[in-house]
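In structure tokens below, several structures.
Each of the two complexes below includes chain A, the first together with chain B, the second together with chain C.
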Partner chain A sequence: MNLLFNGLSLSSIILLASLGLAITFGLMRVINMAHGEFMMIGAYTSYVIQNLLQTWLGNSGADVGYFLSIIIAFAVTFLIGSLLETLVVSRLYGREIDSLLATWGISLILQQAARTIFGTQGVLVTTPKVLSGSIRIGKTSLSMTRLFIIALVACCLLLVWFLMYRTNFGRQMRAVMQNRSMAQCMGINSRKIDNLTFSIGSGLAGIAGCSIALLGSIDSTVGQNYIVNTFMAVVLGGVGKLLGTVLGSSIIGFSSIGFETMTSSSIAKAIVLLIIIIFLQKKPQGLFTVRSRALDE
Partner chain B sequence: MKLLKKNGYNLCFTVIVIALALMPLLLLNGFVKSTTVLFLGKCMAFAIVAIGLDLIWGYTGILSLGHGLYFCLGAYGMGMYLKMVETHGKITDFMQVGGLTELPLIWKPFLSLPGTFLMIFLAPLVVSGLIGYFIFKNRVKGVYFSIISQALTWAAYSIFIALSPYTNGNVGISQIQSVLGSLRGPKNEGNLVTLFYVALVVLILIYALSYFLVHTKFGKILIAIRDGENRTYFSGYCVSNYKNVIYMLSAIFAAVAGALFVNFNGSITPTQMSITYSITMVIWVAIGGRGTLIGAVIGAFLINLCEYNLSSGSMAESWQYIIGLLFVITILFFKGGIVGIVKDQIPALLQKRRSRAEKEGRDHQPIPVKAEE
Partner chain C sequence: MKKRMRDLLTAVTCTTLALSMIGCGSSGTDKSADSGEDTVTVGLLHSLTGSMAISEGSIRDAEVLAIDEINADGGVLGKQIEYIEEDGASEPSTFATKAEKLLGEDEVATVFGCWTSSSRKAVKQIFEDYNSLLWYPVQYEGMESSKNIVYMGAAPNQQIVPAIEYLLDQGYTRFFLLGSDYVFPRTANMIINAQIDAVDGAEVVGEEYAAMDQTEFSSIISKIEAAQPDVIINTLNGTGNVSFFKQLADRNITSDDMMTMSFSIAEEEVQTIGADILKGNLVSWNYYETTDTEKNQEFVKAYKEKYGEDRVTSDLAEAAYDAVYMWKAACEKAGSFDTDAVREALDGLSIDAPEGTITVNGENQHISKPVRIGEVKEDGLIYEVSATDGPVEPDPYLTTYDWAVKAGVQPLE
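Moving on, here comes the complex of A and B:
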């Protein structure tokens, strides 16, 4: 039971981090290596907002500040993502490897910016009072922060699903990603859709950043720890499928926790990655594939 | 001019080699500091990795984000040999701390120098051969390969840290002398100079081998794979085998470079294996110019020299900004890197200007044809 909860918790964190990636990588074919740094920006945003409100309103401000910061972090990373798309990424559509490298350059700049502004020392976000306790069910105690993160992930997932499959914007987005020129002929402004899609992906990274701020101290390399797992989750699930990403990240999350009971955590990480890589040899396209007859898919 | 165009790359490499060969002489006369020479030695190791990366990325179109792994395989092998020279073949202190009483079997071949050399070739060969065989056979390509190589390196990185009784975890192998003995201090300048020339010879050999390779039919097929993988398949070539061979070769280059590096550096840590460091290697190649061997060499030397001079002192903070920005701009606008700018973009610009000038000149002249009519 305890194991199950830990697995669920880790999976949800990976899922939240890879949700944005599933959109930018899966739909737009842009390998955003700066995704981890967007998470870092989100985490720092909640730190800043919390401190601001704490000085104005005292301790209760800090609690409100955290919840408020989730929305603000989304907005901030949304805007930065939009800017990045206009300046850099828009020139790199169709050049996947180059998009990977260019965004890596961006991530170097963002990391250094974080070091310049906040210093190399890690900072802490205080957990709001509502989330500090834990609920006991039977023998296991479920910590509130982790439950909150699971709920947050469920909300985000639902919102993304709704946005992608139930709104006009989502329909346009999928149309552009499937066949750009045809969509343009139908009168869809594909540049605008590209920009919005990338920004939403970045914004989701910001929300993920807020959630990892609850788990530990924040420094300039906090995003780096997630980048490998999130990419593997997206690739394992099958690029371009939301359900695949959900499944991929839960496989990584549960199996990491499972192996951790047997060996140390870093060995467990390595084993999980190796197993996934071996699995990808069997199915290079991932678990869920978009069937296509094209040669270079 | 024609000669320059035809042999420009080799000429450029010769200039670099001569400049490097002069360095020890300057050292003995007291013009340069021994730390600079030591650093240039490391740069040569970096240039060798860069050549290896260029062979698979620039020529074959496989972007590996995990060459730090092979670099470290070579470096750890060499470092372990040097460490055990100091302990006279007995187990090292970190193994004792880790609870080992006997030398682990994996480090046994590194007791002798020939064994170490053999393992520096064999270990990356086997690892990269296995990885390459499965990945290329299943036609994993493009970014998927990059992501998988990145994940593999990360897995290896965490294993190296976790197995601290064998590898000394985060600290790595430190405080070791080179093969020839200590390099520090004015007394040991002779050692430094000898080692420097050894590294230079290795660099020249590897450059020559790569140069030979890319000009054979094999090299042409690599370029064909880069530009049209499926067409190469359909032409009857077994692309996966070609990819695998070049991948193994570049892994060996990286390991050789690692072995040289540890001699100059005197320590090796898992940091050199991390993804960040692996991508830094890619940055050298990208900025120098992918797809040309000389570009890789220039990139490795230039970036490292800049970093060496800038990252200490007041510029330390801005260095990250500079390198990040430089990298982004290179990727966005200058696909050929520095070599591309010199070779293609400047001549194209000059050509444009010349033709425009000619056109303007023509416009100013009276048009005689009309008058005759």
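Moving on, here comes the complex of A and C:
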């Protein structure tokens, strides 16, 4: 029971962090190394918003501030993502290695900017009253923050699914990603779609940033701790499929917790990596693959 | 004709080479620390970026404060101190490169630096090769004594051993050991295991290590809950502490349910983690901001004046501050900045520090200092709950403890 909850909780954190990447990397094939830094921006946004509201409204402001900051963090990272796409990424489509280097450079710039603005000392987001403490069921205590993150990731997942599969924009988006020239022929403005898609992916990273702010301290390297796991989740799940990312994160989350309980955390890390390597040897495309008629696949 | 031409060329090349070598030699001596100019250059080597920056920033600040105070007071041997600062970037290999640069290129008189044991071990050989002195301000796992390092922080018998003795006295019997996965926590836990094994009725019920940048502690906390210890001995370092205590609080576990004794949480870390989460928990150091000495009041006042009222001093910052003053005292006793002369002067040298009177033990270049067990209070400061009668002599290899000798405690390499 304890194991299940811990696994579910870790999976949900990884999934939330990978959702945005599932879009920017999974659909658009942009290896966005700055994804972790978008999470960092999201985390700092909730820190700033919380402090602002706390000075204006007192302690209740801090609680409201946190929930409000989730939306604001989305907006902020959405805009920065849009800017980044227009200025840098859009010029590098189809050049995966170049975009990897460019976005890595951007991630370093963002990290240094965070250090300059907020200093090297980690900062803390106060957990809202509603979310502090835990519920006890039998022998397990389910912490409220973790339950909240699980709920948050469910909401995000539902929204992304709805957006991708039930709206006109989603249809256009998938059309552009699967066969760009054909989509253009059908009168879809692919530049606009690219920009929106990348921005949404970045915005999701911002939301993930708010959630990791509840778990530990925020400093300029906070995004780096998650970036490897998120890329693994997307690759493992199969690039381009939402369900794949869900499964990929669950596999990594549950197996990490499982092996950690049996052995120690450093050995667990090695075992999980080993499993992923073996798995990708057998199925290099990941769990799910998108069937496409594009000639380059 | 052709042959003579070639000979001529060789001769010219040889002369140029020889001349340039002489040139190098003379410019080298010009730069050395003892050249009669009115400044002396020292190096500061800390992580200003990366995961350790959160901790190392404050000890760097304390060193700069001491340098400024000494300069305002007339300097060392009539020379103003200048410092060259390098960033170790939380990466032992970077520490090594930067140490090489400070000693080889800048030819500094001495270096104040490092925090993690891995960074110290990475530069140790370099300081021995250049025969220079590193002033290391952090409590550490012991089992080392290099004649090119002055260990300003506590050896295990000045922090870990007394803390465990205190807990045993208080009636704690079930210990859980949790640490970051590197040399300090591993050695510390080896020592604690030996110490507890020698006591009837006390036992270690679990031992876990987390990666340095680990943020997910749920399965470790579950393991702790299952083992039901009555005290957790915490040697986590850096940001891992924040995640661990936050997630412990999320599970409604406070110091009333499970006491923790931490060896890497000082005032700075209390600020970051939050006093409301940490209150009631125990730590072990040689100095706290609340330590009641005259020298400390001056130090705290000067520190806050320079860096802001909201800044706190800590054991580490204090040891770093002392290091600069100890170096000054040694240079003045030796009448020179030369490494060998300074080292000779160090033996038995005492200064009046914020933590009390501290004395260098010339044999192992560690410091004899008082030990204080402290409790974190709601105001974010740490208050002494127990202290040793006087300074404790450093014993980095624990040769004076029967249980340590019997268990064969030795360095992990």
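By definition in this document, the second predicted complex is superposed on the first by the 292 of 297 C-alpha atoms of A that agree within 3 Å, B and C clash if a C-alpha of one lies under 4 Å from a C-alpha of the other, contacts with A are read in each partner's own complex, and residues count from 1 in each chain.
Going forward, a contact is a pair of C-beta atoms (placed from the backbone, for glycine too) under 8 Å apart; a residue touches a chain by one contact, two chains touch by 3 or more.
Worth saying up front: this structure is predicted, and the values here are computed from it rather than measured.
Partners chain B and chain C clash in the overlay (superposition on chain A).
In the superposition on chain A, A:Ser9 makes contact with chain C only, while chain B stays out of contact range. Contact with chain B, but none with chain C, is seen for A:Ala102 once the two complexes are overlaid on the shared chain.
In the superposed model, A:Ile31 lies in contact with chain B only, and not with chain C.
In the superposition on chain A, contact of A:Ile277 is made with chain B only, not with chain C. Of the two partner chains placed by superposition, only chain C is touched by A:Thr261; chain B is not. Once chain A of one complex is fitted onto chain A of the other, the partner contacts of A:Leu157 are absent, as it touches neither chain B nor chain C. Legend: residue contacts after superposition of the two complexes on their common chain; A:Ala17 is shown touching neither chain B nor chain C. When the two complexes are overlaid on their common chain A, residue A:Lys269 makes contact with chain B and with chain C alike.
In the overlay built on chain A, none of the stretches 94-102, 148-156, 256-264 or 346-354 of chain B clash with chain C except 94-102.
Residues 115, 224, 264, 266, 269 of chain A contact both chain B in one complex and chain C in the other. On the chain C side of its complex with chain A, the touching residues are 48-51, 53-54, 57, 181, 208-211, 213-216, 218-220, 222-223, 225, 239, 242-243, 246-247, 249-252, 268, 272-274.
Against chain C, the residues of chain A that register as touching in their complex are 2-3, 6, 9-10, 13, 115, 120-124, 127, 132-134, 141, 143-146, 212, 215-217, 219-221, 224-225, 256-257, 260-261, 264-266, 269.
Taken in their complex, chain B has these residues touching chain A: 63, 134-135, 138-140, 142-144, 146-148, 150-152, 154-156, 158-159, 161-162, 230, 275-276, 279, 282-283, 286, 317, 320-321, 323-328, 331-332, 335. Contact residues of chain A toward chain B in the complex are 31, 88, 91-92, 96-98, 100-102, 104-109, 111-113, 115-116, 224, 227-228, 231-232, 235, 264, 266-267, 269-270, 273-274, 276-278, 280-281, 284, 295-296.
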